[in-house]
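Input: one structure, supplied below.
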């Protein structure tokens, strides 16, 4: 995460167009607000990405529906070949036969194969051999993706609901606070802070990397208050609260860390828009208490707490 | 991707032989145009690499054929042991028996095991026990590779079909444009550009790393135009369109990024030969429009668009 | 593991509160002594982290109990639907039926499906189809986690049971010794040493990074004695054994290496409290002997051996 | 792979003891020649490392034997419970029953479950339920390791069978040649060369990092000749062929690269002892020929070819 600093032309990868309406490059959940449409030969749908990132509810519905659909298709095939080609089946009405063939299909797809119904001709045996093979591959793939969803490296970082601008040393500073939501440990945490802002003179959207008081810490065990000192070299030194709003500013946060469970590098992104920034407030110090055996305890929700301060800053 | 710069002897790893006929080190799909032949003790066939990188069509044909071949082999073994060693089988003509044993084999390999036919002697039971064991291992391995193919980290980067050489600042510049084909996000994208070119004096093939206006961006959300300014320090300052062609030039691109789905480092490679470079043209600015909720929309195919310019450059 | 050195405000990520009672940020097994409590919308329980890191005993108990519980639930469902809806069952007393349905459930969940008992109505067939599907997914997930536990990158580093402070060059030094417990190879081992100590003046807990004689080695084949020279720039130059104890000092060790089996980056952490530090002692040189064929042999437990020295240091 | 250079005390991690007999830290296959013995509480056997690194022959023998042993154990358990507790079994002599129970066990472990023999009491049903559960977990784990063996990142680098010392520029140089044995591509290849040598004055074994003409290349498509110029700063400037042998010198090579199939960082190690170094010889330039379509062809075994030169060097 080496900083590339080029005062004239800092580039974050979002383009530098100044839009007529307000835009937000990063949502608060870290997703990127750009739709890339594709027409023609290159389909841009990435099925693996989709299966890994959809919600658990959607994923389970997908698996269950896929199971029903595949069994229905095979049940129809078996039905049209004829229920009399099966041994052990109780020949009855159409629906009755169909249901029995549907369950024969399920028993074949999952390879449970009770055998009270069994294929009794070469043709249905062939279909059943194909079904059991695809059943094995399909379930194992579903399981692989299930495991992939579980083991996917994530940085579940809790960001303070508001960013603050408050007096700091001789000047003021932009600051926000983060903590690790999960029980795992995040180590070697690095932060990079950038600002996207409309430039009224050039009619372009400028990007500025903002210096941090500290760019890296070794553990994110309690919380970390990330501070951009608004000093002489800061591009926002002269901006007021109104300026930030009218220039459609967006403070973009990139965090990189190591998730200790699997020694994986993980990334987290977030952004604050002017409406999420409180002026003249400071964070309430985090309460961390020893609870015996050398252990310290904290409450995760405390990282959102701040209090207004009297001293006014411009 | 630290740059190693040694004006006398830059080395890319392709050797520095000046070939009598035109060569291309990198294909447009990023594959390397070198065949390494191996004779004797070290076979250089890497079956895992092959299974992961062959096309989906080939992979599925391979799985299906493997399934048929293995079942045929076991069916022959069972047939020569004798169909009378099985319980539940309807003893008939040769082919009839063979087909039943083939399907018994499939039911054993997939562990579906209906049981209407079952091994009825120790010898066939042993063969069946071996088959079911290899069936389990084989299918699971096939599935592992199937999952490996899905989860393989890829950078599906769309390169502009042409590179351009156009006036830029006080001089001219070599430029091309890239975008992410897929829905996933690529972050921390770095580019390195090198030139392979025949040197008429030394009769060797020289390699030069070409400076870029910007070597790294944080997001590849829209597109990125990568620019090599052809200034005083550029090795191609004095070369004309004809020079590039006669010296069999090749512009080699190496891109490194993080695929956000799995936090994996991914690589992409491409090269432009002189016939793929347009002189005196510039890229049409990418149309990115806000579509509500702060979201921006773009069309992927627009990155190929360029227009000829009047101003002539030498 | 770039060092961030800021004499005024070194930050390790544990906060800088000076606690009234003694705390230990890192346990000797490397776990972090901070409890992050979460109330409300964000549950901070990470099931994957938990399943990967619990002991083998707990993991196996969990799998076995899960298997029993799931089968019991399905057995109850089948029982309340009615044993007469099954074919092949020997209808008897309640418990007798229940046990047969319990084993039918197990045969369905594992897809073994002998078939001597089989579902004989659409309703029980549906339940059985669901059970076999979840059985496949559940077992495969359990297996994935089982494999994840095996393949998890770990640095099993043996730390000398005591750290030593002994004369060294013109001054004295803080030192400890490490070795690789396992047969695999650790390469490119880096160490970072930090000190957490109460500052009586500021009533805060200060963090200092301590310089090492050598920060990185290429192989951890035998042992490595890590040395912090207590020279003029060391923050502990003037401290005595009593000072370390009263200021609740903690020497925090962070080790990063590559595990050669899977080319994975692995981390190890440990800390020494004053009670685990011996003054005026030195490590007994490790006995490494050639055992033929160029091979060297060592005993892992020898890394703990030290001997008191006469020369007194203050 | 940052170089740590400390002329007085370079440390590679092998200790600095000067042994009475000749030692070799690294074998030609890259394995490390150090045995770490462990007595007492910490067993240092890493079963995953072992299962991943043993030969294919051993691995397959292990799987097959494990399968036989587990089935034999369960067959004994079933046998002692009594063959009459099973349905469908043909009660006969002891061995006859045992074999049938052995195959019942195999059908349960693999979940093939034909069902012509089935458990007919709660006790044997319980054992069978346990067996099928451990069968599922065991096979899936075996498969995971099988896949782990296939997908394990490896750098299959072919080293020239001899290293050469030959005139080079104004002085001489130590050089060897490498190529990629496999079809995959290795990119961003870095090399580090170190020398372990007995120091007759200090009676210790010194380690020196040796400067390379070039430390990194981008592709290992053809071959790479790695050159250490023996100039004024080289620690071996004044040493003769005899000196290297009597001081038990070992040239230790560490190579790091990216395997392109899975974007994995891979490592390779090798060492040359004095008997594997040819003085006054140079490598035969590698024949690389264009074979049409811009493709270049080479023979892997050519990297071993060298020729003696007339010009004598001391």
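Letters A, B, C and D name the chains as they come in the text, with residue numbers starting at 1 for each one.
Here, a contact is a pair of C-beta atoms (placed from the backbone, for glycine too) under 8 Å apart; a residue touches a chain by one contact, two chains touch by 3 or more.
In this text, all values refer to a predicted model and were calculated from it rather than measured experimentally.
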Same or different contact residues where subunit C meets its copy subunit A, judged by the half mark: different
Duplicate of the A-B contact set - from B-D, B-C or A-D, the pair where over half of the pairs recur: B-D
Rotation, 0 to 180 degrees and nearest 5, that superposes subunit B on copy subunit D via CA atoms: 90
Between subunit D and subunit C, distance of the C-alpha-averaged centres to the nearest whole Å: 26
Cα-centroid distance, subunit A relative to subunit D, in whole angstrom: 37
Multi-partner residues of subunit B (at least 2 other chains): 107, 111-115, 140, 144
Overall pattern in which the protein chains touch one another (line/ring/star/complete/other): complete
Subunit D residues touching subunit A - in the complex, by the definition given at the top: 111, 113-115
Contact footprint of subunit D on subunit B as seen in their complex: 1-2, 4, 6, 9, 11-15, 17, 19-25, 32-40, 42, 44-50, 52-53, 87-88, 107-108, 111-115, 118-120, 122, 125-126, 128-129, 132-133, 135-137, 140-141, 144-145, 148, 152-153, 192, 194, 254, 264-267
Touching residues on subunit C, where the partner in the complex is subunit D: 63-64, 67, 71, 99, 103, 106-107, 110-116, 139-140, 142-144, 146-147, 150-151, 156, 158, 179-185, 187-189, 214-224, 258, 260-263, 286, 288, 290-291, 293-301
